[in-house]
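Next up: the structures, one after another.
What follows is chain A paired twice: with chain B in the first complex and chain C in the second.
And then the complex of A and B:
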């Protein structure tokens, strides 16, 4: 019974959201607001059950050894809330400063390795080697020249004129446009996929017209 | 207003209606267009195919309901593959709503009404077997069937909670959680979402940190992929695979080229390719939702291409490329 009610509620609000395609209406607005509200409420409930209760409240209440240390992150966390009170809002800068500092310290070396050095390494490939098939060699040439051309386009200390900077930046624009085109194609596929998912729900799970 | 201008000023709601029809009709008239698995999807499949009950993987449900249409079939397909091979799976979530998504995926795979479902055995139900000191996968199943339990006809296998699966759920600042799990999984998740202590689970006793894990598959509609690559792959050399939404797919191809990931499922197509691999290799009798959806996707794409071509013909034939502005609503 509860499952059936859930299905009907989900179907009603799916239709409510898609009704916006015809024109804006109260059912759409209600559905939109409920999505935001319920998502936030669910997030708070899960965060309390998974984080605050087992990792902060229970250890302190049960008097675990060194539980007093937990007051440090607890107080830092509470300081965030001071943003809502202008007279003491400046206190919220301390947890933010802590997070930024810790985040930079922990993340910077690994981020550099994962996002920059590894990608640089992956760009330094032989254009051709003995025994390499022609399609692999062509792919390597396109990848290396494409990367260089795109980098030239973003080099603004020299005017984009002449055979190197002028031609290079023009090729760079084309390379970037091809990237945008691929992203746009994937985006269209993604949006249609979401619609397909909802139609599968409406026609399958709700109406049982399709399998 | 001439014919070209009328075409370019058509009420967009007609376009929505056409797309809607194109996305509904193929469900009733399936075309069965072939889907060929790509190298990046085969990479994930082959990696999991090389694992068994002595290994363990992480599967992240790192998405919200908004992208479930794309991410959910990927997660379900990977879980099905792992369960069929008796590979222990730690299930995590990068967002609070992802925890609910993970529970839904497990529900889908263990629902008796679905084909090839897995019979879920709760932690308490096989306590007697644990008390006998039996913790290896084959021994557990043997002892379970010796107790008089038999596998239903349409079920594919058993899932023993704590041996085959641990639903760990959501924790905030997940990149720090990954860092912490590189020392000890239980330091971050002392219990699963049901409150069962991780320390008591056989799968945890054999795999205590991420260093003893053989693959992390993140099904993401968020930046979870970067977190797993940065703090899992680069920090401790953990093999990582992605299941990403189509919108994100192009951003993450660079990690395939650099060898930082074993493979990637991009959008509904990636999920459909994995379903094809599972079906063709005997892991499922039926294709999943993604495969069925791809027929619809193909028709919708053909319609969109047709509309783009028609729109461009109208634009140039009407000479609007030489005019600064169209009349009407545009």
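And then the complex of A and C:
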């Protein structure tokens, strides 16, 4: 019984969201507001169950050694709430500063490693090796030169003129367009497969028209 | 006090943790462990701020009987009911998923029901709704008005056809070429963008650490 009601409720909201394709209507607005409320409510439940309860409340209540130190993040966290009171709202900058400063410090070397050094390292590859098929060798050339050309395109400190910056940026935009095309194609595929999933739910699980 | 101390905390914390990365000592690791333990706790309280703002906004709407005020109940009621049901049935919090044992549901209740039959279908449908809009966007983007737009169009078509069975029916080379585009020119473009983003993020992080970028302070008192 519960499952049948659940199916009908899910179908109702699925149709409610699709009804937006015609025009905005009360059912769509209800679904839109519900999803905000439920997802935030879910966020509260998960944050309490997975962060505050095991990492703050339980260690303090069970009197773990050094648990008193946990009052420091708790007090810092409570300072966020001062944002609601304009006269002391500036106190909310303290927890933000704590998270921002240490977060930036921890992130800096990791970012340098993952986003810069690893990317550079992966681009410095032999273009051809004995036994390598022609399509891989061509791909390596396209990838290495493409990365360099696209970087030149994004380098705005020099005018895009001359044999290096001019030609480089022109090749760069072609490579970027191929990349954007591939990404766009992938996104379209992802959305279409989600649409197929919802239609399968409506016609299969709900109406049993298809199997 | 209002601006200088937070800026100093950011600078000291930032420099300290950059240095910490390069000093693999036990004390340095203890410092790092404290931060990783404390940061989620501090961050969790930010949710109070978000929930407070959302509740205030919608309760004001109801009070003032603003346009479409009735829908504010659809935000406020689940906002408080969902955590309530999750608290009285903590076993159902395993990602909101139904746990089954021998085909029978072991966790039932309002929390699961709300999550599985309202939240999941609405979110999936909202994302699938984009298929219709992306189709019209694709039509506009894919009109081969210039050589560059033609390249974009061709790359997208080959990649799409390379992923579906009909592509292989049209030509055996479709999947291979699609994969080649994804592996090489696409990777070249992505890598350049990743490097650009990486350098940008590093510069922004340094600007925040050294107090050049101060927008995060907001406007709560000067």
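Following the convention adopted for this analysis, the second predicted complex is superposed on the first by the 211 of 211 C-alpha atoms of A that agree within 3 Å, B and C clash if a C-alpha of one lies under 4 Å from a C-alpha of the other, contacts with A are read in each partner's own complex, and residues count from 1 in each chain.
Heads up, the rule we're going with is that a residue touches a chain if its C-beta (ideal position, glycine included) is under 8 Å from a C-beta of that chain, and two chains touch if they have at least 3 such contacts.
Computed from a prediction, not measured in an experiment: that's the story for all the values here.
Participant: Between chain B (first) and chain C (second), which, if any, makes contact with A:198: first, second, both or neither?
Facilitator: In the superposition, A:198 touches chain B and chain C alike.
Participant: Is A:210 in contact with chain B, with chain C, with both, or with neither (first, second, both, neither)?
Facilitator: First partner only, chain B.
Participant: Let me test your reading of the model: by the given contact rule, A:121 touches which partner, first (chain B), second (chain C), both or neither?
Facilitator: A:121: touches chain B, not chain C.
Participant: For the three-chain arrangement built by superposition, which of chain B and chain C touches the greater number of chain A residues?
Facilitator: The partner with more contacted residues on chain A is C.
Participant: For A:71, select first, second, both or neither according to whether it touches chain B, chain C, the two together, or no partner.
Facilitator: Neither: A:71 stays clear of chain B and chain C.
Participant: Kindly classify A:34 by the partners it touches after superposition: chain B alone (first), chain C alone (second), both, or neither?
Facilitator: second
Participant: Thinking of the overlay built on chain A, is A:107 touched by chain B (first), by chain C (second), by both, or by neither?
Facilitator: A:107 sits against chain B and chain C alike.
Participant: In the superposed arrangement, which partner chain does A:22 touch: chain B (first), chain C (second), both, or neither?
Facilitator: Touch partner of A:22: chain B, not chain C.
Participant: Quick one: is A:54 in contact with chain B, with chain C, with both, or with neither? Answer first, second, both or neither.
Facilitator: Only chain B; A:54 stays clear of chain C.
Participant: Starting from the residues of chain A touching chain B, keep only those that also touch chain C in the other complex, and list them.
Facilitator: 21, 39, 42-43, 45-47, 51, 106-107, 110-111, 114-115, 119, 122, 143, 179, 182-183, 186-189, 192, 194-195, 197-198
Participant: Over in the complex, which chain A residues touch chain C? Could you list them?
Facilitator: These residues of chain A touch chain C: 2, 5-7, 9-11, 13-14, 16-18, 20-21, 29-49, 51-52, 55-56, 69-70, 72-74, 76-78, 80-81, 83-84, 86-87, 89-90, 92-112, 114-116, 119-120, 122-123, 135, 138-140, 142-151, 153-154, 172-189, 191-192, 194-195, 197-198, 201.
Participant: Report the residues of chain A in contact with chain B in the complex, numbered from low to high.
Facilitator: Spelled out, the residues of chain A in touch with chain B are 21-22, 39, 42-43, 45-47, 50-51, 54, 106-107, 110-111, 113-115, 118-119, 121-122, 143, 179, 182-183, 186-190, 192-200, 203, 210-211.
Participant: Using the touch definition from the top, list the residues of chain C that touch chain A in their complex.
Facilitator: Residues 2-3, 5-7, 9-18, 20-22, 32, 34-35, 37-52, 54, 68, 71-72, 74-83, 86-87, 90, 93, 96, 108, 111, 113-132, 134-135, 138, 141, 148-149, 151-160, 163-164, 180-199, 201-202, 205-206, 208-209, 216-218, 220-221 of chain C touch chain A in their complex.
Participant: Could you pull out which chain B residues touch chain A in their complex?
Facilitator: Its residues touching chain A are 13, 16, 19-20, 23-24, 27-28, 64, 66-70, 72, 95-97, 99-100, 169-172, 175-176, 179, 190-191, 193, 226, 229-231, 233-235, 245-247, 249-251, 254, 257-260, 266-269, 289, 292-293, 296-297, 300-301, 304.
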